[in-house]
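I've put the structures underneath this note.
In the two complexes below, chain A is the common chain; its partner is chain B in one and chain C in the other.
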Partner chain A sequence: MLIFTLRRINLFIFTMLLLTLLSFSLSKLFPGDSLINLSGQINATAEQRDVLAEAYSHNDSIIHQYWAYLTHLFDGDLGLSMASHLPVSSEIMNLLPATVELSMVSLLIAMAIGIPVGFIAAVNHKKFTDNAILSIAMIGYSVPVFWLGLLAILVFSIQLGWLPSAGRISLVYEIKAVTGIQFIDILMSDNEYKWQAFQDATAHIIMPACVVAIAPMTIFIRLARTSMMEVLDTSYITAAKAKGLTFWQIIYRHAVRNALINVIRHVGLQFANLVTLAMVTEVIFSWPGIGRWLIESIFQRDYTAIQGGLIALSSFIFIVHIVTDFIYAGLNPLARDRKHGA
Partner chain B sequence: MLHALINRYLLSITLLLLIQGCNNEDTNLLASKSIIYCSEGSPEGFNPQIITSGVTVDATANQLYNRLITFSGPENDIAPSIAKSWHVTKDGKRITFYLRKDVKFHTTEYFTPSRNLNADDVLFSFNRILDKQNEYHYISGGNYPFFQSVEFDSIVENIEKINDYTVRFTLKRADSSILANLATDFAVILSEEYAQHLSDLESQQQIDILPVGTGPYKLKEYRAGSFIRYIAHNDYWQTKPNLEQLIFDITPSNTGRLTKLLANECDVVAYPIAHNKIIERPDLTLDEVTSFNVGYLGFNTARPPFNNKLVRKAISLAINKEAILETIYFGKADKANTIIPPTSWAYDKTLPEQEYSVSKAVRLLNQAGYPDGFAMNIWAMPVQRSYNPDALTMAKLIQGDLQKIGVNVTITSNYEWSMFLKLVAEGEHQAVLLGWSADHPDPDNFLTPLLSCASALKGNSRTFWCNQQFDELIHNALETSDLTKRKAYYAQALRIIADEAPLVPIAHSKRYQARNSNIKGKLLNTFGGINFTEASKN
Partner chain C sequence: MNILDIRNLSIVLVSGNKRILAVDRVSLSMKEGELRGLVGESGSGKSLLAQAIMGVLDEKWIVDADRFHWRGTDLMRLSVAERKKVISKDVAIIFQEPMSCLDPTTTIGAQLEEAVDDEQLTGYFWQKKKQRKEAAIKLLHKVGIQKHTFCLKSYPHQLTEALCQRVMIAMALARRPMLLIADEPTASMESTNQSQIFRLLASLNQLKNMSLLLISHDLENMTHWTNRITVMYSGQFVEAGTTKQIFSTPFHPYTRALVDSSPYANSKLEPKSYLSALPGSIPILQHLPIGCRLGPRCPRAQQACVDAPKAKNHHGHLVSCHFSLKETY
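This part shows the complex of A and B:
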């Protein structure tokens, strides 16, 4: 387990190094002055520019410059946003929790529905249920998320009027951001309308979370199905059958657990996909997350924001990746001996 | 583990059902005590004295502040507000206001008032504008656009405090529009005590950012580009507001506002699109008022060929206004016969309707010495305003109309708005599509800023038209406060405009607003900003 942990940490450090290298070279590759691209101070006077050049070791070799950039990064200084002139790091800290919340809820929905449905498909292998589930999953996977989002707004917000179409919570409720994860903030607040706010926040998250969840859900269906079929083919299942256990006993006691382990291995991979979808969805549902902000920054050619957002998002995805790796290793003793990162 | 999983699964489903189940039972919902208004933009500040934009007026004037006097009723008569009564001397040069004693300022997180409103607050509010020595005059730039446009400093000689609750305005000359000016959304009363407090803290610029007023709502939180949260001012001197919260949800996109309205996320929506869709829904209401505005085609009368009155009249005869109303305003506007809308008391019903006649236009052109027509340019304003939602298309329609009388039009619209205004003020144009929104219902607010000689000199009018007889008439109309006399003067003035045609009035647009039918109370006036004082929700 120690070696496993060390390897993951090693992998983390090197990936982060590569990421920062990429982000640093972006500042050189973007048009304009690389110093301004790094610091975001577009209106700097000549004197301020000298101070900045000093701070970013801009007159030294490129290695020094990179090192200076890294020190700034470690100090949490991602420069100023060129559009809003606010520190990029504080903007990210304000926005990232909303994205984390949305993607976590979506992941939960995708897993909670996808995995059981996949198991049902595997159990009914080559029967009508299996085919039906697979076809629906295929359709679900093929539908573009932006179209689905608009359609959901049209049906559930405009025509049926069941769910709100925009934002995280109705502006009526005033929730102080402490952790940034809204549900926790609501529960922690001492607002007399706490319970109403909680309901409202739930109503707001259902639609975007479901829209984001659709595509990963279909993947979970297929993963769960394949993994369950593999497990059902193994000899210990045959042995269990020979012992005289009923079919459902076999499924519950043996097959599900073993199949789940394989699915969990892929959660990390799917998460990257999910966050990408969440970014598009945030724009459609006016979700105040980092994805919407990043897309706006791209339109506004806000280079500092693009670099900072890139680093924040990819490290978030990477951390989730590693966490799932650890969960997987915790659940599956066999995996702990594997030396290389997945 | 599986059992745990299934349990969790069931638990979450029960939770969801619970949440759904509780939804309708709670009658004490915060949402039923709040109104969300989806507005079209962020305010520039929180003090209407220093701005003219409609967005800011909507957001601040009637919500946060009161004026000395106000307009009320269908005729827009002047009514008491902070001043419970007033007295004008016979020569019209002195106006004394008697203030209410029970007017309380907002108590907020940033300021706690120790006294009620008194004469010092009134003096401070107006001296800030008039007195360049005032500590607060140049805070926020020193521009008071409304007061500059009505030449407030050349009307008011001084303002003095008679006692704590009596204030006297002494005027340099009699001006019957002064009361209307003081009743506009811009003439709000600020707190002098708050200004003192800010001076002590040396953060004077806060006065226009963190407002303290006497209005029915007070500022709780403002996030630029996102929302404004107002809460009820419980010590409001008039009836206590029916709401606990008033929230401005800033939604610049038209479709975004429509979606939020249809999904019941907004209670009231500014400038809605898709009117038919809104009318179709039984739970939504569409309000409309004809605004005190005018969209017009102005001629540069300082340059040929438009220094010739016949040419101007020929063009005005050749423009098909009906087609423009249909295409540009989708029928949501009234045809303009003169620059004053028909709802104004100064409108003269006997004024002959302006004709559309190509043959007459051709005849006039021949008479003016242009039998083969000529070439001209039209500058179309590059922004949308309610009085002209699409100037470029309007210019193209006019281009087509004028083709018929042999006039070739080129259209200029590729300047950015401030550049456009600058070049037009310098007289680069031959004809320009612009408009005007009145700030108060006094007809003078149309005539003086648009067509007086003073405005021609300053380039405000963009027509550079100056007619001594007309100027005298509108001047005389201001000197008397006798309504029938004023009407007679304005009727003559309107006839001069019709005869001289310095501009072609095109339309008086309507202002629209959509609301959920459970929102009661009058919100819109024919002029000025939205007003939530009477709003309630049930």
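This part shows the complex of A and C:
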């Protein structure tokens, strides 16, 4: 297990290095002065420029420049946003938690509903339930997320008036941002309206999270269904049947864990997809997350923000990837002491 | 008394609109404490028959029989669930490729413990966990595994194939079965391990008076261990009798060919002579010949063979052939 952990950390470091290499080369590839692209100081005077060139080793070889860029990165200095003239790192620290919150809640919804439903479909294979679940999943997968988001706002916010249509929390609640994750902040605060605030935050997150969750959920349904059907076909299930276990004992003790293993493997992959959906959804629901900010930065040609947001988002996705790998290894004894493979 | 009595058991495979008769009216009976062999080429429906007895075939397969009695209970009158309950109480099965028959993500200990049924345990539920563990250790000792602590906490992939088969046997013994069906228990195993497993099974048969149905395509081992043998070909019953009857005076041309093709079973073979074998291979399920399915390959086939022959009994030696070799001996 130690070697497994070391391998994952090794993988993490090298992937991050590659990412920084990409983001560094972006500063050269974007139009304009690469020094300005890195630092974001568009209105720098000649003296300020000299100072910046010194700080980013801009007169040395490209390897020195990359090294200087890495040092800045490790100091948490991602340059200034070209649009707002605020440090990109502080903007990311303000916005990323909202995206983490939204995508995590959506992932939870997608898994908590998708996987059991997929298992139910597999158990009822070739019956009405299976067909019904499969066709609904197909419809859910084909619906575009922006349209679904607008439709949800139209129905639940405007016509029925059940849920708020935009934002993370109502303006009347003043919650001090400590971690940035709204729910943790609410629970940590000593506000007397804590529970009302909690309810309000929940009401705000339900709709965007569900909209984001729909497409991954349908994928989980199908993954769980195939994986469960494969497991139910194996000889250890036949052997367990011959042992005299009842059907539900077999499902609960042997089939679910083995089927879950195959599904968990794909969760990391699906997560990147989910974050992309979350970015679109953030725009629709005015969710103050990094996705909306990144899309706006792209429109404003805010090159520093694009580079910083890219690094922040991809490291987040990669960390989730590694966490799912650990869960996979925890569930599957075969993966724990494997010698090779990423 | 026969503990298991099967007459004319048929297994039909339903795929789409087609119905394929995979096993065609096979009869099999087992006495208490008997060690019976079931021989046939691969694809002859031996494993299907075993799984049909256990009731673990899925919905694609339809099982029907004129008579299917287990210790005097007519199983065909019971519902599927009741039948499974009766059978799994007294009959256990071990499969080929034992490693794939053990759940790869659960420890051997947990799998062994769940095979121990509640009736053997006494006391309250908090005492049962310990009792289960003790029972599991005892079972491992019974099948000749001494390192029980190592074995109980291992996962199947950490053990060898032969060790896994011993664990499977231990699991089968957990319910104290009266009949153990061993479906090619030693396929893909080294020969030393093979004989160890066979010796273990034979000793269990003798010491515990447990009946054993040994399924194999390997005639060589059959001569050593079994009292009686049933031969199947392409899902049809061929011949049944004592091991001696089958090997010295086979009545059916197919059994004759089987015996002739094995240098060990066929002691009359001249040194350095060719082994004889039937031409062709076993028919696939989609293209089964009508009547006696050996027909196209049979050296003695005649026009009458397009009708399936009925089994004839010659002093306990059953044969299903129109032109049996009985007269030639």
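Keep this in mind: the second predicted complex is superposed on the first by the 338 of 342 C-alpha atoms of A that agree within 3 Å, B and C clash if a C-alpha of one lies under 4 Å from a C-alpha of the other, contacts with A are read in each partner's own complex, and residues count from 1 in each chain.
In this section, a residue touches a chain if its C-beta (ideal position, glycine included) is under 8 Å from a C-beta of that chain, and two chains touch if they have at least 3 such contacts.
Small disclaimer: the values here were computed from a predicted structure and weren't measured.
Participant: What does the overlay on chain A give for chain B and chain C, a clash or a fit?
Facilitator: fit
Participant: In the overlay, answer first, second, both or neither for which of chain B and chain C A:Pro31 touches.
Facilitator: The answer is neither, since A:Pro31 touches no partner chain.
Participant: Applying the document's definition of touch, where does A:Arg257 land relative to chain B and chain C: first, second, both, or neither?
Facilitator: After superposition on chain A, A:Arg257 lies in contact with both partners, chain B and chain C.
Participant: Go through the superposed model and pick first if A:Ser165 touches only chain B, second if only chain C, both, or neither.
Facilitator: In the superposed model, A:Ser165 contacts chain B only, not chain C.
Participant: First (chain B), second (chain C), both or neither: which does A:Tyr236 touch?
Facilitator: Second partner only, chain C.
Participant: Scan A:Leu245 for contacts with chain B and chain C and give back first, second, both or neither.
Facilitator: second
Participant: If we overlay the two complexes on their shared chain A, which of chain B and chain C does A:Tyr173 touch? Say first, second, both or neither.
Facilitator: First partner only, chain B.
Participant: Using C-alpha centres in the superposed arrangement, which angle lies between chain B and chain C as seen from chain A, in steps of 10 degrees?
Facilitator: Given the fit on chain A C-alpha atoms, the answer is 150 degrees.
Participant: What's your read, chain B or chain C touching more residues of chain A?
Facilitator: So, of the two partners, B touches more residues of chain A.
Participant: Give me, in Å and rounded to a whole number, the least C-alpha distance separating chain B from chain C in the superposition.
Facilitator: For chain B and chain C in the superposition, the minimum C-alpha gap reads 13 Å.
Participant: Intersection of chain A residues contacting chain B with those contacting chain C?
Facilitator: In chain A, positions 257 sit in both the chain B and chain C interfaces.
Participant: Give every residue of chain A touching chain C within the complex, in rising order.
Facilitator: Chain A residues touching chain C: 234-236, 238-245, 249, 253-254, 257-258, 261, 331-334.
Participant: Quick one: which bits of chain A touch chain B in the complex? Just the residue numbers, please.
Facilitator: Those residues of chain A that touch chain B are 112, 153, 157-158, 161, 163-167, 170-174, 193, 195-196, 198-200, 202, 252, 256-257, 260, 286.
Participant: Looking at the complex, which residues from chain B come into contact with chain A?
Facilitator: That would be residues 1-2, 9, 12, 16, 19, 22-23, 26, 29-31, 34, 36, 220-221, 227, 229, 245, 247, 249, 256, 259-260, 262-265 of chain B.
Participant: So in the complex, which bits of chain C are touching chain A?
Facilitator: Residues of chain C touching chain A: 51, 54, 56, 84-85, 88-89, 92-93, 95, 97, 100-106, 114-115, 117, 155, 157, 168, 171, 174-175.
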